[in-house]
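Which chain is which? They are A, B, C and D, in the order written, and residues in each are numbered from 1.
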Amino acid sequence: MSAILVITGVVLCMASGLPSLATRRASAATTVLIVAGGAIGLIGAVLGLIGGTAGLSLPWHIPGGALAIRVDALSAFFAAPVFLLAGAGGLYADRYWPAARMRAGYVRAFFGLMTGALALVMCAANTILFLAAWEIVAVSSFFLIATEHELAESRSAAWIYVTASHVATLALFAIVVLLHGFTHSWAFVPLAPGSGALPAGHALLCLAFIAFGIKAGLMPFHIWLPGAHAAAPSHVSAVMSGVGIKMGVYGLVRLLSLFDAVPSAFGTTLLLAGIASSILGVAFAIAQHDLKRLLAYHSIENIGIIVTGLGIGALAQTHGQPLLAVLGYAGALLHVWNHGLFKALLFLSAGAAIHSAHTREIDRMGGLGRRMPWTAAAFLIGAVAITGLPPLNGFVSEWLLYVAGFTSITCSPHGGPSLLLILVVPALALTGALALACFVKAFGTVFLGVPRSTAAADAREVPATMRAAMAPLILGCAAIGLVPALFGPLLGRAVHAAAPRLPMAATLTALLQPIQTSALIIAGIAIAAVLSLLALTRRAATALTWDCGYAAPTARMQYTASSTARGVVGLFGWAMRPVIHGPRPFTIFPFAAAFESHVPDTVLDRALLPVLRGARWVLGFARYFQHGRMQLYLLYLGVTLVALLAWSAR
Amino acid sequence: MTAVLQLLLVVLTAPLLLGVITRTKAIVAGRSGPPLLQAYYDLGKLLRKDTVLSSTTTWVFLAGPAMAVVVPLLASLLLPLAGPRAPLAFTGDLILFVYLFALSRFFTTVAALDTGSAFEGMGVAREVTFAALAEPALFFGLLALARISGSLSLSQLLTVDGNSWHRASAALVLIIASWFIVLLAENSRVPFDDPNTHLELTMIHEVMVLDHSGPAFGLILYGSALKLFVFSALIADVALPRTGNPLADAAATLGAVLGICVVIGLVESSMARLRLVRVPQLLVAASLVAGFAVVLVLR
Amino acid sequence: MAVYLIIVPLIGALAAFLLPSDRPRPWIVAIVAMLHLALAAVVIANGEVGLASEWLRFDALGRLVLLVVSTLFCICALYCIGYLRLRAERPNRIFCTALLFFLAMTSLVALAQHLTILWVAMEATTLATAVLLYFNQNQRSLEATWKYLMIGSVGIALALLGTLFLAYGARLGIGEPTLLFRDLVKGAAHLPAPWVRTAFVFLLVGYGTKMGLAPLHTWKPDAYGEAPGVVGALLAGGMTTCAFLALLRVYRIADAAGQGVFARQLLVVFGLLSMATAAAFMVGQRDFKRLLAYSSVEHMGILVLGIGIGGAGIFAALLHTVNNALTKGVLFLAAGNIHRAFKSKRLEDVTGALRRLPISAGLFLAGFFAITGSPPFGPFVSELSVLTAAMDAHRYVVGALYLILLAVIFIGMGSTVLAVVQGEPPEDAEGRSFRESAFKTVPIIVSLALVVMMGVWIPGWILTLLHAAARLLGGS
Amino acid sequence: MPPIADSILILLLLTNFFILGTANIRSAIRGVALQGLLLGVLPFFVESQATVRLVLLVIATAAIKGAVIPGLLTKALRDVHIRHEVEPYLGFVPTLFLCAAGTALALLFADHLPLAAADRTGLFVPASLATLFSGFLGLTTRRKAISQVTGYLVLENGVYVFGLLLYQSMIVEVGVLLDLLVGIFVMGIVLNHIQREFSSLDTERLSRLRE
């Protein structure tokens, strides 16, 4: 049953763009199709998560291929948010990218294709189908990023994305083929015990780290992510960032589930990479002044948190600490859902703000909260959630990881992996605090204060459908945050599917119960307090901002986002290397001076691109080979002939 | 029962702490100083006044003061102030404890930005940056305590009995030291900040409340008093041995908290505020001290 | 029946030559092409073996190549109608005649069971294509033609010597100097090793030159760069396929004669070398037609690499032969349209093709993703199969190099292709004159549809044909 | 195998040197023509009794290789009235040395190819390889397009020499000859066009297409 529903959802999503391609007037049909597809698929996924595993297989005339899908707890767990976001994004796009706008059909078609294929990736049981769906997602995302390919920025973003993603795909080719070498089957079959120790197993894990790391945007493979998410239309960014990069996580989890135990070096690598990209991701995020780039870097941070959880799980499993492993996997998987929800919410609300203020520059917005209160509220909820604050969902998953970190120090002998796992706690603490700084800055500068540009000044609230698209996401954030115990069993099933050899994780629900209680208390009291204070000051007089007695404050006097970020950027200068233009005024009566600073992506702009340019320069020498003189060409012929004759005469 | 006792203790005695500190400073400076209960008078006056709001603000502006009061109260319910077990104790509550304060920080800073004032923006920038440095210190301390007590609930974590003092006295001293620094930073005391002046450009926390007035401002003052109480109580719990009796424990806690306030007073009167660039260094030092405690207990 | 596959095009060529006016000629070509395709379909459908003679008969390999060439030619012929209407100022008598002659000769290659017939047919295709290359009749195309003619003739001469060596070996081993494919394979065990090895080297270099394996590929960029897109398609999809068939026949003999290991070593080396060379020249390529030429070099490399891996690799290589031919058709024809519309093939002048001619540029982009092995296109399957074969044969280093080179090639090719299709078109008025008429686009779309079919649902009978051909070569 | 055949083959080798050594294109063409005649008469001394096939083959070869093709070339040369210097990239002396080295290599390589009892003493294989090699030299070291064609002819002759070992399958030979004829014909046409377009046969002009 669930399999049929899921595949129906996939087909509906994939086909949803066709009406719009046919005629502009049919865009409503597209919206209906994709929302329906999302709903049906979501039901299917939830059924798959509650009920047992279901499968569906059709023949496929490709060597090794079979149109086989299998909806087990893990697939369902990953597919559910895909369908939810597909529906929400499709609804949002209906007004955000209206049929009258340029390339509307194009955007709708590729959006449907991407979301459908994405769900297919999560459910494919045949590795070649997995590979095909994977690549379809990659290519259609490329087209979506390149929607406005007249802009050089979009072009380069799309180009970097497609290159990185193709490298990942080729690594995935190797993974699939190696798996086939292990199991002599094109399905996801558990490997023989001890495969992790074999050389081929090592190769498999290294390739997995590269392929899935690139796709997930894990540091240092994140190079494609900020540009891509900034250039794509907002609802596309929401899906790409909310669930698209989870493809990599899914692949990683799926692969880990095939091993009985991975070398602890692999777990360590995951842990350290995760920690690095969570801290650096948020640090880079603070330094951005493009709202969507900022959110993109937060995706890197959250992927870091998720991968940290997986690292805990893998390490603990290898070293026989089931409780730790369960906590790690549970935290990671729950954060997959949470990040999907609040990051999509943030991108959609940010998209609405950009839609109304006609800019992505944070420092050109401001005061939108008074003009578009709903959007502001949505962004605020997303911000509280992503910062991991109680009583919303972000807190629950991070709490699980914290508990894992603390458990490792309380109940583990001297030495061992525990020493590494301890790092999780301070890392999460730093990440959380920085994320808070970042979103205080973002929310404050975009939605509070006074408008910094005329466009922001006459911004209007977005249409109802766009707001309606955010509602389910808000509900999700609130639900997981307030009644986490309800989701304990589902999470348990997913964890069991991810690590079949672990004892079934029944402890989760009991563990989450007190969180639920306190979350409800906090929410209740906090809301009551705020409301009563509002009631108290309903008839309060209003005046100018006092500002230490300065009578005529202007928008330009507000504290900018960049200056808010300056402190943290200074602390992380060793990694970020901010670029500062503009002279510093120095005389007593300083001349008019312009000051501008930005932070390039260290890995991409300072390491990778120079290397590539060098390689290209070297390859340039090969051109002398093709010199234009036919005599030389014939000489190559002769030389080849003589050489081969010599070889043959051996 | 203990819950009520605990709440009463916190709610009623919190403002007294401010009085104790000012009185200590006055005595050291050789003045008579304001009465001990001055804070109560101020609060009463502010609550009777009415509010003026900046025309740029939204509801977010008022969420700040509300949170500033709600959060310390909730946090206090996680601490075993009276009796062996806190009202809301559970496995892993220590994380909730820290994140509650993050919650209040989020809303107070956002509220400050709501005014669009340059000063308050500056205060926000500093607040969030320094908090990021203070939080690891808190967590390192908790890690070490978790290792010592073998539990993830503040109620067991903080009731340090004699033999663990015997076992890990050095670590515990380090933790207390580093947490005391965090306390000073979080409650905007000298040497990080100066609670007496609101007009200094080098303000951190205090500058964010410039635009609040009337009851809202009163709530902020009260909230900071509560916060001071909770942090002091946290340290006091580490230091104090426990008798099983709620009343006795409550009394002991109060005594210890007041003692800590005296120490704060002495610190404030003995040193000046640090230059802003030095503040991060001190906080990192606090984190390192706590981290060293972790290393000690892992050894 | 099968003999008509050669006779019909020859008659058509004659007709086209005698016809006085230019206008109807393209139609003759198209009609003959469709007739030829129909014939081929019939021949393949009822598994006809060909003439009574031993010299000309169809085996599975021949059928496969015939199918590929005939389909591709039909597509190109239909495209020609639109193309030659566009180039109405040029006389097309010689061009059309040569086209049909080319078709006849390629069919002969597919049919030939005698190495000399094979050789003569190959030489004939060389001459025919030389004429086709010179269609534009300017200095550049003349230079390209000259280089192609000389290099090709030298190569084919070496192939002839190799053939004679085989014959001599047969005379030593079997008794009479037969060049019949069947006899050679049957008596292969008796052929003296030195002669077989030497012969294989000469034939490899000879037919390798026609295929365009590095470092024998030097004529390719010039020829493909200067020829009309349709000729490029026929060369890259048709002639190279024929040359590959010739090479396969020779490989079969060498394998049967116990020189398989030696042969496969050479093939692997040539394959990787070709891919590497192509990669080196694709990175930063400023001319998108030369880019396609190097892409053709790369895929010839993949073909021989597959054979060199052996086992499942042979099936993969044959599958890739089909995919490569069809995809090259898409790429070259679409590139031809873009070239015509912008009157240039340099990146300096060609940008924003998607804006000016959406269909052709879209097809060009699709062709790019297809040829670099993205689903749902055919090459995805075949390129993955080649990798699988390499890994299953435990040739891990080969597999790794293969993947790395594919990555480099994707980067090199992508930067140029995207620069062509994306962005704003230049502001010159001329070039807007170009219209994407049905004849100029529909054939390409058909070809792309076939490529998709090969990637989504390979018809059963094609699979069986492929398997039969692979078994013929000692593969699986 | 009678010694005459061997001596003819030696003559062939000598013509290679002559063709590579001469500074005048016209005499180079003459050399090619001479080679064609030699190849034409060679079968008489290989085959014991003369059959019709043999005669036909001899006539065809001698006619095409010895008369027609050189005629075509001379005509082409006359049409494109150019100076008759060969203008090599590589000097004559080094070329000759290379040619000698090639011949030696050919002899060496031919040793490891087993021969049928009949041809045991034959110089066929080395002669053919050596001629092939000198053909290559002609192609790679000459500047003028037309002298490259002569180089190509020498190369073809090298192939043909070996072909004579298998004169039984004469149909092959004829096919080959015709093919060659057409090839040269096309080359002649192209030469003509080149002359018209570039008003020179200097291949330096023909190196515009490059990376």
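Structure notes:
In this text, a contact is a pair of C-beta atoms (placed from the backbone, for glycine too) under 8 Å apart; a residue touches a chain by one contact, two chains touch by 3 or more.
Predicted model only: the values in this text are computed from it and were never measured.
The minimum number of touch steps separating subunit A from subunit C is 1.
Comparing chain pairs C-D and A-B, the larger number of C-beta contacts belongs to A-B. Computed centre separation for the pair subunit C/subunit D is 31 angstrom, with centres defined by C-alpha atoms. Centre-to-centre, using mean CA coordinates, subunit B is 101 Å away from subunit D.
In this assembly, the C-alpha centroid of subunit A lies 36 Å from the C-alpha centroid of subunit B.
With centres set at the average Cα position, the gap from subunit A to subunit D is 70 Å.
Annotation for subunit A: residues 623, 625-626, 630, 632, 634, 637, 645, 649 touch two or more other chains. In subunit C, the residues that reach two or more other chains under the touch definition are 146-147, 150, 154, 158, 194, 198, 221, 281.
Across the complex, subunit C is touched by residues 60-65, 128, 131-132, 135-136, 138-139, 146, 149-150, 152, 155, 158-159, 162-163, 166-167, 169-171, 173-174, 176-178, 180-181, 616, 619-620, 622-623, 625-626, 630, 632-634, 636-637, 640-641, 644-645, 647-649 of subunit A. Across the complex, subunit C meets subunit D through its residues 116, 120, 123-124, 127, 130-131, 134, 138-140, 142-147, 149-150, 153-154, 157-158, 160-161, 164-165, 167-168, 171-172, 176-177, 179, 192, 194-195, 198, 221-222, 225-226, 281, 290. Within the complex, the subunit D residues that touch subunit C are 112-116, 128, 132, 136, 139, 145, 148, 152, 155-156, 158-159, 162-163, 165-166, 168-169, 172, 175-176, 179, 182-183, 186-187, 190, 193-194, 197-198, 206-209, 211.
Subunit A meets subunit B in the complex at residues 366-367, 369-370, 373, 376, 380, 383-384, 387-390, 395, 399, 402-403, 405-407, 409-411, 414, 419, 422, 425-426, 429-430, 432-434, 436-437, 439-441, 443-445, 448-450, 511, 514-515, 517-518, 521-522, 525-526, 529-530, 532-534, 536-537, 540-548, 553, 555, 557-559, 563-568, 571. Of all the residues in subunit A, the ones that touch subunit D in their complex are 623, 625-632, 634-635, 637-638, 645, 649.
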